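The same chain A turns up in both complexes below, where it pairs with chain B and then with chain C.
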Partner chain A sequence: MKNKIQKYRNSLANEFTDNPILPIFILAFAAACIFVPNFVSLYNLKNFLLQSSDVLIIACGITFVVLNGGIDFSVTSTLTLGSVVGAYIMAMSPIAVYPYLSIIVANIVMILLGVMIGCINGFAVTKLKMPSFIATLATQLAFSGVAILFASLVTDKPSIAGLPEPFFALGGSGKFFFLPITISVLVWLFSFWLLRYTNFGRRLYAVGINPKTAYISGVPVKKVIFTIMVLSGMYAGIASILATARNQVGVTSLGDKMFISIIACVIVGGTKISGGFGGVKNTLFGVLFITLLNNTMNLLGVEWYVIMIEQGMLILLAAMSGYWLSNRQNKRMLRAAK
Partner chain B sequence: MSKELALELSGIAKSFTGVKVLHEVDMQVKQGEIHGLVGENGAGKSTMMNIIGGVIDKEAGTMKVNGQPYEPKSPLSAADAGIAFVHQELNLFTNLTVAENMFIELFPKKMKAAIDYKQITKSAQDCIDEYELPVNPKDKVEALPAGVRQMVEISKGLMKNAKIMIFDEPTTSLSYREKEKLFKTLADLKKKGITIIYISHILEDVFELCDRITVLRDGNIIGTNKTEEITNNEIIKMMVGREINQVYPEIEKDIRDNVVFDVKHIHYKNKVKDVSLSIKEGEIVGLYGLMGAGRTELVKAVFGAEPMDKGDVYVNGKKIEHVCPEESIKNHVALVTEDRHHEGLLMNKPVKDNLVLVKLVDILKKFGVIDRSKETKFTNEIIKSLRIKVTDPTFQRANGLSGGNQQKVVFGKWVIKQPRVFILDEPTRGVDVGAKFEIYTIIANMAKNGSSVLMVSSEMEELMGTCDRILVMRDGCIVGELQDGDFDQETIAKLAL
Partner chain C sequence: MKKTIVWMLIVVLSLALFAGCGQPAEGETAAPAKAEETKAEAAPAEEPIKIGVSFDSLESQWLVKNHAVIVEEVEARGGEVISVMAEGDATKQNQQIENLIAQQVDAIICFPKDSAAIVTSIKKCQEAGIPIIMDNRSVSGDVLPDVQVVANNKAMATKVLDAFAEIAREEGKTYKAILLIGGLADENAVYRKQGHDEGIANNPDVFEVVAEVPTDWNLDTALKGLQNALQANPDANLIITPSDYLWPPIRSSLEQIGRWGKIGEDNHFPVVSFDGDEVGMQYLKDGYNWGDAAQDAYAEGEMCVDWAYRLIAGETPPQNLIYDEGQIVTIANWDEMAPQVWSYDLLK
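Now for the complex of A and B:
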């Protein structure tokens, strides 16, 4: 019995050192339950999970890229472009008269748009040998522009409304709130499995730590990088479906300001920006924590620019504490080795 | 030679995270002598020198320089006391020019802020002329070969008017010719009355150069002796605490007649010119050459780590199309690279991840899922058979191991694959005497089990001790071949020069 307790305690301690944000999240959640009015209501908890769901999906994709030593800025433009193109297909295109067909086509097109942008990023990084920082910044700008151009060609209004009713289920409307949550949990599980249990995951970490060693050890470095960029784009495409359905309109401002939030989730979760360390488990808690903060701040009526300040401080804090933690871990490992 | 002491250490102690690495060490260095310091990896040589150089703080004890108490707070105060340090790892800024590197600590300034480039170029040129370096002060350091970089670093130390110079493994990256030149420089310095502390693994160099030799083992000084009064074997015995009668393992093996590895007409960037060689099953072939002869370039091109310009590689008679690491590994070729920090290991990752990295593709289940029980089985087997000292391979990282054990991990990750062709580039660099023997044993056992081995080394003796045949390279071409029995240092050196 005692042994068992000891074992649980050890595994919990390990969990806390691997995910330093987890205890903080638990404390913050408890505090929110006690101190923030209206936080513990079915409506708000549902909202909290819905808000996390599309962020979690994009953040998983970004986690792959960051683990691999890169960055993907273009996800926000995928979000926007997917949103307007998808909304156009469902509301204004010739097939819009068949709601179910148009939903299916729109969803496929939205995911394919993500894959396409991912392919362009992957091509630029592996074949043209551009740093992902530059390549994805360029595609982000270009495709945000394309999204606005597209929207201006098909409509005069700032958004595309009139989407078919059944589509909103994907955004969690009414009794379907479990649907987007389930989708994001499935995507997360798949990502977790990919990183933890497959050859691909192991290679991804190897490339993130030292591409040269990985290459000489027979890892097809370029193929790995390309696949990751495509995955990240595809995840952004899926997230764009959920976000559009939740907003119930296609808008060009969907991805605005979102990127920093997502990066905050990944870094606060504990994935190292230099590559090679962390994972989607870290990202999960990062997403929950950041969404929790945004949610409670909203409930408390805090202005959005204050939220920006808070997120900036958090990224700084996370980077500092990450440095401190890894130092401590190194020391402990040295002691254990001796 | 004056009888005064240039440097006196008494009772110096230091621990890292609770482990004592130096136990109240006493050492006296006389003025104007070349003082050798030898010891296995981890004996505490570098720690001791870092304390003298002001890089780290001591815990206890006192130091005196020329009889004056000496308490360095930083490398700068060591320089003020006339102590210069030539590091094991080259400490040059590769993106700057030779002249900029020489003056990096103290640029002569014009108008208090702007650097006086005319002045530094001139002073650097004077220095270059004095030591006959084959460089231009305006050359970028990244364009220079490792040997020349070392000479730049040494002259940088000399420029600071040092009275005591510490050399930490200065010859590891030098060619034979450059080494001779360095030794001549050291002798000149001695004549000028400069005291030198010389740290090295290569005992023959230490014997050639030094007046007295101090042996350090596990943080204790075992003894200081005059060079004339001690033999090589006695030093080795003092270093390892046991007698090593045999430096190379005796393992019976056969060389079969079939050619396993056949390389034809390799060209690579003017550094490798039309090289062909073939290795039989169970044969160990050595590749000797001076720095810049194209040895590393040849093996990298053959393996595909660098793309060759022209040439064919055959394994067991089958031609490898598109030579790249992935293809080479599929065809059972392995490459242990020279630089384990940057090319051999994932330094921050656990030992286990490093060991199975190449093997992963063979232990996959459906959908590319790794078979974890096989993974553990293979790791544990290899740790046992190569006797890698690691307590918890899933937790302990590669950078927490000693140099010898790191090298064994690099070997392990390829041995696990059971390659037919085993290419080794400087397999014992930075590895101590005890671990060297174990690595030679691994190599010989691989050959015994039917692998063909191609081994590049700068240590002639090591090749003569382990190989069945030695090829000598010069200027990108193979210029000679010697069979076991005809090995002769002089012949090899003549071919290589």
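Now for the complex of A and C:
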């Protein structure tokens, strides 16, 4: 009996070490249920899940890159470019008169734009040997400019409205609130399967831990890096569909301020910025925690500048707790080895 | 083993959910509606009216004053303000308004980041039966908020240039202008640009535009663009700005080329501005600025609050757009018009 309890304790400790934000999220969620007025209403919980959905998709894409020790700044410009191009196709192009056709074409184009930007990033990192920081910063700047140029050519208004009503279902409008949540869950499940149960996932972790050792072991490092860049771009393209549908316009400022929140979700979740440790399970809890924070602070009527301070402090705390738990685990392992 | 842990976590979360359930859900998935019956069943002591205030940002003095006026006015009426700030993110603003709806506020006053992206929030407010008022930035199209209190940006921008052109003709001067443009996601910026274009077109004998500088309402972007424009056009002799918010980069750029001087001094460089905030009006008083189209931060804030209460009481506005015609203040009519501007009492 004692052994069983000890096993449970060890398993729980391991789970909390692997996902350092999990115990904090559980406590915060419980506290929100008890102390925050209007938190536990179907309307608010629905909003909570909807607000998490597109962030989760982009964060999963970035997780692949961060696991490799890299970063992808271009996701925000992918969001923006996808939004304005997709909106143009659905509202102003010759096929706009056929709503369902234009929605299908627009969705495909938005995803392909993400793939294209991912390919450019992948080429820059693998063939031109640019650090991902520089390569993706360059594409972020370039494609943000392209998005604004495109929008200015097709309209003299600040955003592109007049999208077909059926498209808004992808943003959770009306009775279709489950749709973006389902899409984000499916994307997350695919990402989890990819990392946990495929050769690709194992290779990705190997490259993230030590690319030289991975190369010597026969892992096609460049192919792995190129693939994760494409995946990150593609995921941003998918998120662009959901975000555009939620806002019901194509807007050039769509991804502007999102990057910090997205990377915070990944880091707070417990994925190490140096690569090789973490995963989309960590990212899921990171996304839920950050969204919970924003939601509850707004519901409590906390002043907006206090929210910013608290967000920063809590992100620091979460990152420190992850570091402390990880160190504790390493010391335990060393003691056990001795 | 891991399955067991997962189940334990699910149980803990569920317990927390049930523990926190103080409100019967009754299977609703739509926004919480504001029924008259619910109000009638409330406690005998009247609950204060809750006004949600959603602003894009507080990046300019005008916005700071406007926001402060709204908060003061609501509190003076015994109401409660729940204020949220989108920090320039349209998606975040929509999410914050969803949170305000979840808090069952009685009305929402909104200064939108993007006039098209806010439509989705307007629809949600309408579904929830919560009146929403646009403050200073308007929305156009099929879905409109209950009321929109806006400055007549285009007309005011045209009028201030027409007034400047009259002064210029009396002095027999012509001007090569650098035209600053605000953030194109902001309808105000778009209308002011249209108004400036119209004012320039109305007075071709006075104005020639030598450069247009998009600023995206960013001081750093404005500074760099203006420095480059002054460098490329050394014969430029007028700056037209769509907001007093952009005075810091204007002053910095002119000081850099030794052209920060008052009217009458050799190094004076004329500027015409918009907003009527303390900085622009002070420069107008001191002789650095020639004209300012002043939108009234007080009046617009008070009108928004007034209409929030009237809409809560069930009143219908006579029209959707309620204009603040503002004041056009120039060096020629300073004594007459300046005291009417909201920032006049703040001037040194």
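Going forward, the second predicted complex is superposed on the first by the 310 of 338 C-alpha atoms of A that agree within 3 Å, B and C clash if a C-alpha of one lies under 4 Å from a C-alpha of the other, contacts with A are read in each partner's own complex, and residues count from 1 in each chain.
Note that in this section a residue touches a chain if its C-beta (ideal position, glycine included) is under 8 Å from a C-beta of that chain, and two chains touch if they have at least 3 such contacts.
What you see is a predicted model, and the numbers here were worked out from it, not measured in a lab.
Partners chain B and chain C fit side by side in the overlay (superposition on chain A).
Legend: residue contacts after superposition of the two complexes on their common chain; A:152 is shown touching chain C, with no touch to chain B. By the touch criterion stated above, A:9 is placed in contact with neither chain B nor chain C.
With chain A as the corner point and C-alpha centres for all three chains, the angle toward chain B and chain C works out to 130 degrees, nearest 10.
Residue contacts after overlaying the shared chain place A:127 against neither chain B nor chain C. Counting the residues of chain A touched by each of chain B and chain C gives the higher count for C. When both complexes are overlaid on chain A, the residue A:220 reaches chain B alone and has no touch with chain C. Once both structures are fitted on chain A, no C-alpha atom of chain B lies closer than 15 Å to one of chain C.
Against chain C, the residues of chain A that register as touching in their complex are 7-8, 11-12, 15, 22, 26, 29-30, 32-34, 37-44, 46-47, 51, 148, 152, 156-161, 168, 171, 173, 175, 177, 243, 246-249, 251-254, 256-258, 294-295, 298-299, 301, 303-305.
Per the touch definition, chain B reaches chain A in the complex via residues 16-19, 303, 305, 325-326, 328-330, 335, 337, 342-349, 353, 357-358, 360-361, 364, 367-370, 391-392, 395-397, 400, 413. Within the complex, the chain C residues that touch chain A are 1-2, 4-5, 8-9, 12-13, 16-17, 19-23, 25, 27-32, 82-85, 87-92, 94-96, 98-104, 113-117, 119-120, 141, 183-187, 189-190.
Of all residues in chain A, those touching chain B in their complex are 197-200, 202-203, 205-206, 209-210, 212-220, 276-277, 331, 333-338.
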